[in-house]
């Protein structure tokens, strides 16, 4: 088994299985905070997926996307939690 | 050799991500879920990224991966803090086997001010028994 | 003040050069001016000093942090994959000795990044940090752990 | 002078918009500059028109990339005619806006957006690239969204939600059509597509693509049963906005239909039949819709729909004569519809309402203005020799030639019902005894205006009325033009050769 | 929302980093993924983050002028870079003009770069205008 | 000739600016225009009588083959003289009749325009030009009928008249265009030479139908007649001019003009005889039931028009001769009677014939005119009316079939018309002067001169018919395509059956006059039958039609956005689905597709889960977060399929959208379950079909071969020509840079829009003051 | 994979329309976003998909040496995405403003402009 096959058939599936588990939590909730956590984690996992994928296809340019994901994902978490607090204020 | 290093890094990385995912599923309350996932996943993805830097081994990708890791480590705890705080504020309950809650009665509903002691204006404080999230 | 700006500037210039992967002189120059302007744009009065003494302590802190990180991660992994949940979680109030914003932030973030603990919030008077922890057996011991571990080292860095 | 000229109208409008944005809060400057810019734009349009008239279809390749690789801008007679009409309407509405639009609205970007809208219109008329057309459509709709909501009053917003949603839906369908088109041909250049589409073997797929375009553009053009956004919204924004919308927005949809169905999806009997059915139902629905309205602007809104039917019918019959009729009608309709909404604005300022039930007595008090308004109103009806009449010659004759008697019937029905509606409106608004409405304090009544301000209301109406009269009495010129355009459209090889000249 | 110390501190450090990034992304766009759009989006995200942590007024102080002014400026830059070939050489609109020698970091400098810078400014201006306007009225 | 026609129009434009001078004493000067024109046309009489035809053509719209082609022959000359001659008298009469009227200038303007239109109509040889003038007569008469426009009944009549004549006009247009398609010309003269070809054309029937539609509506034939009595709301000079002498004759003119082209066929003749017959009898009977003088005259006019149609339908030389004479007869006596009625109305302020008698004591010249006109109308010798009636009887008697039937009809009509003429022309001037009118003033010369002149002409022509015989009548008959050389007009035709019928007519009619007195009772009697009167049937139809219009319009435009969307999507689904079902050449080549891997499937599943979660969740915030999941999955798909730029942009924009939502959402109310189960199922089905269609479409496209020419060109030139290696970016800033420039404009506009939408709050004060939109203020008024 | 993507595009279109048919304005906008994503993916899919070969010329090459994904659909989608963003932000704000003024989120209550004739 070459490294690429290993990454392709083992690592990537492990990552996406994690993603499915995370999605399960996303859907189940129960609190909206859980969903936000799950979304955040899903994006983090996505970064991992992209990184592995870029190795498999030997395309370093795909890493740029991972970079953007890392930079930006934070903001939606900030915004969503901001919302959670703000809507209670009345 | 390099392939093996890559393989090991990726394996550990993927495993930590998986643990985080399992933790997210298994942990009984929101705070615990936040607690578990923030680090495991960050560490896991960090390891995966390390493996890519090893694979590509050029300055461009390395610096990128480095920046990503840095970013994740910088932002993940802040996210965790924000979500955790918001959860408490909107009244997400702690697991019933939790042993203590020293935050009780210290948030003020209207001003969002967090006091270090419980003072004599309890009616303004966040009370979990009166809220539920929808 | 001047020094502070200058330092940040240099630091960012390096970040820039590393990012672009172009180590030519022009790129340093370009990065310097670029960051000069960005800093000029964003600077609001802030106090920082003694940059050069700090560097080794920073490194020490980082090593300690990494150690904690990996150790705790394994703990959690164990907790997650074993069938029974043996946790005694709760929210603890940790009194703070660090006073600066940056200190509090670094401390809180490090606590959050290490598994089992999560900084929920800092009181508005900056006197206490509220930490959610997975394993609370002895409250005092827990607090001491944090104060002797992260907080002391951070205080050293920031002193 | 060379083919660079094609893009000058676009450059100009873009420059105007940007400069107006720099002068964000200076209303006076904006008013003056907008009119000034519109005058220059009219001059440019005239120059471009005569250049193309004399030299035939011209193209320019943006970025200097040969077709079909870059974005080609094509100026054929149809395009430059529409550019010219846009410039005329634009000038009129620009003058009209200065006097009629509330200061607060002007302070929030009315004029820059107005010129962006004109930019979009010009661009849509001039582009030779289907995706570029989509982008121009987007600039048109976003500008129109802003203009229709500017001020954000209740009715505006309610109308805007529908206007917005259905126009977005249209864009999505348009985009879907482009996706399919690119998927089967790998090209976006319309001239190139003409050849590529002809070679596709799966004709069913081509028909579906054509249908998607038909529906996407049909929504924009306001045909039955896709027009709902129009009567829901056109009567809600400021009158100047209604005017430019009424005159030009739906016409872009018509233009796109004409372009696509004469160049790319040519003369498919099944599609022609569908277009004809749509046209007939549009003529009828629009007509009877207008019949039961009371608000002047709503009447005009439905009449827009009704009269789109003429143009679509011309396209559906697909003979040179029919298309010439459609083009002639298009030319007439742009001028007249713009004018009609300005007229409703004048009427509104005179009496403070647009409800025909409450209006009356304008002829007695303002005879000269009434006679001025009479011209566009009855041009719309097509009382010969006013402008609306002549295209019907082409259309009805084409109907007889094609033996599509139902179409002829629908055209006659629509003409008749327009006559009835406008005559009724004339009787209600101008003839009927003046109802003494309670005077609203602080309302800017026409009678209280300075004569300079009144002129800002009257001049644009007069300007467009004169153009209408010219279209009517100088029908020879317009017919010559329409016939030439129809010839260019039906024999599209000239267009294709002009675009792909470097390829051959 | 009472801004939290943690977020505030973190964002103060993230702001310059993100801005540097945005320019980085902008300039490399011609060779690698990136460009004016994404660059502009990241720049605006940097400021938005700052505003979440420090409040809108602080961020506005940073910006000196209203982000809306970036719109005409950016548009003008892009437009003029497209217009330059027409005005200077009577070439078609948007024809690329390129310097003869490549410049460090940027590679070849040409009208396309200025075009992209215009895009960057517009995107930043638009995003900030929209977000700021909404938060102010929220 | 063009100048002659345009004079009227130019004068009215002139009046728009100088109108105030023509309101006072100068108004009589306006009548110089018709007088001048009358003189102009008068001088053509010798030439035309010699059999000449004067043609004149001016270029107008050669692309349409439309020229300003004019033809002056016997027919058009007769009409021109009537138009200008009676026009002159009406103009003069008006100057006194409307003395001091506020809007006299307008009245003259309309009248002059109308005259110009009418002249154009009868002189045009080009059918389009004819149509143009035809429509102009409709629109000018709209203004004349609605002259008292503050009166609702006036407006209604004007609208009815315009509606009926308008639809007729469109028939004329259709006919003209159809004939043009058949012959290739609009010139009526040229059509004359193609008569046989036209008649054998398959569209002959349709063409005739269109022309009949035009003529019958304009000339108020049954069942379109009702607009004419309604049009009597106009001032009397209008009734005189339009509704007796000119406009209503336009239809007659059209039929006569086209007799040589289309006539002679069975369908032509039979239809005209039947319609004319019904009209003349129906309206003649109706005169008995009227008490309003103008009402009586209106119905008798319709009847006379019926007679003319009837005569044209008979299609014989005699009939043409009769028609030609009867046109003159009718013009003279009917104009007189209207003018007389106008004077009575003007002086006594009533037109109710039951209240009028003995006025000869006050206005003898008027009485003379009335009585002379009445006997001409009755066809009593020695009036020209007698000549006309004899010719009419004779023509009917010599018709090819159904002679008895036709004779009965025409005699009965004439009897009733005699009655009507007597009631209108004699009754007001005989008997006792009622007290209420004792103080009535005598009218001035300008009022009584014109009717007296016309009435006198009726006698003069009767005594000496040769004056008009070869100068006017024969050219008309020749223009109709008949040989007129053998014909003679004479007062005395000998003692024969026709003469006996004449006597019977006069006798019975006179008896009727003495037996039946006009009364309100009679009027009310006929009113009971109103529900089957054509105008009422039309009104009912109209109400039904408006009801249907309301239903249809509101059915579609019902205010519910979701219905609009449903209809559009349904429309798409039906049409595309129809083609799809019929399109059989559709296969999927599985080999051309890429393999499926676990992570792709998983990503897709996550995407689908995200989508459905967005759709079905009850929480808006959860929906927004789920959109984040969707965005991330799409981003990953873009990464998998080699689109890093897309992935970056997609993700950034999704994040921004989340932020936007967050900033806006908490101000909005929570989701409510608004739609019921049934609606959701229905929408679900529609959406599912729509989605399936898109999927199928995508698969069909994928089965097609594709050209990568453009992409390859970009790839080859990206670095070498455009100095960039990221082809996508190079496309954006160079190859298709124009797209991008527009796109950033779109963004800028959106930002400006958002800014305005959030920041701009109109102040109520300003809103009222300038009010550039209408609805809000109107709604405010409603609330008050 | 193409079949799966085609199915997904169909789902995006279908659910997009379904959401647009709801009465809540927020759902309407979510529907528009879904539909827009569907359209983008459709362009992407119909431009034919290629795995792991971004249209970026290698650092030492001047032209492509290996297979590359068609850059045209990508550029088109980029433009479309950015435009949609402009429209969406406007839509979101429009909804907010409409809610402030009309005081409802229910589209069925927004039919005054159609009723008032």
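By letter and in written order, the chains are A, B, C, D, E, F and G; residue numbering begins at 1 in each of them.
Simple rule for what comes next: a residue touches a chain if its C-beta (ideal position, glycine included) is under 8 Å from a C-beta of that chain, and two chains touch if they have at least 3 such contacts.
A quick map from chain label to UniProt name: A = Multisubunit sodium/proton antiporter MrpF subunit; B = Multisubunit sodium/proton antiporter MrpG subunit; C = Multisubunit sodium/proton antiporter MrpE subunit; D = Multisubunit sodium/proton antiporter MrpD subunit; E = Multisubunit sodium/proton antiporter MrpB subunit; F = Multisubunit sodium/proton antiporter MrpA subunit; G = Multisubunit sodium/proton antiporter MrpC subunit.
From a predicted model like this one, the values you see are computed outputs, not experimental measurements.
The minimum number of touch steps linking chain F to chain G comes to 1. Ranked by how far their CA centres sit from the centre of chain A, the chains are topped by F.
Chain nearest the geometric middle of the protein is D, using mean C-alpha positions.
At the far end from chain D, in terms of centres built from Cα atoms, lies C.
The distance from the centre of chain C to the centre of chain G, with each centre set as the mean of the Cα atoms, comes to 40 Å. Note on chain placement: the centre of chain B and the centre of chain E lie 31 Å apart, centres being C-alpha means. Separating the centre of chain C from that of chain F, both taken as means of CA atoms, is a distance of 85 Å.
Centroid to centroid, with C-alpha atoms defining each point, chain A and chain C lie 23 Å apart.
Of all residues in chain F, those touching 2 or more other chains are 557, 559, 561, 565, 597, 619, 638, 640, 642, 644-645, 648-649, 652-653, 655-656, 659-660, 663-667, 694, 698, 701-702, 706, 708, 710-711, 714, 725-726, 728, 732, 734-740, 743, 745-755, 757-759, 775, 778-779, listed in ascending order.
The multi-chain contact residues of chain B, meaning those touching 2 or more other chains, are 15, 22, 34, 42, 58, 60, 64, 67, 74-78, 81-82, 84-85, 112-114.
In chain A, the residues that reach two or more other chains under the touch definition are 15, 17, 19, 32, 36, 53, 59, 61-62, 64-65, 68, 71-75, 78-79, 82, 84-86, 89.
Residues of chain C that touch chain B in their complex: 15, 18-19, 21, 69-70, 72-73, 76-77, 79-81, 85, 87-93, 108-125, 127-128, 130, 132, 134, 136, 139. The touching residues of chain G, counted against chain E in their complex, run 54, 56, 78, 82, 86, 89, 93, 96. In the complex of the two chains, the chain C residues touching chain E come out as 8, 12, 15-16, 19-20, 22, 24, 26-27, 30, 34-35, 38-39, 41-42, 44, 46, 101-102, 104-105, 108-109, 119, 121-122, 124, 126. Those residues of chain A that touch chain F in the shared complex are 8, 12-13, 15-17, 19-20, 23, 26-27, 29, 32, 35-36, 39, 42-43, 46, 49-50, 53, 59, 61-62, 64-65, 68-69, 72-73, 75-76, 79-80, 82-84, 86-87. Taken together, the chain D residues at the contact with chain E in this complex read 2, 4, 7, 11, 14-15, 17-18, 21-22, 24, 60-64.
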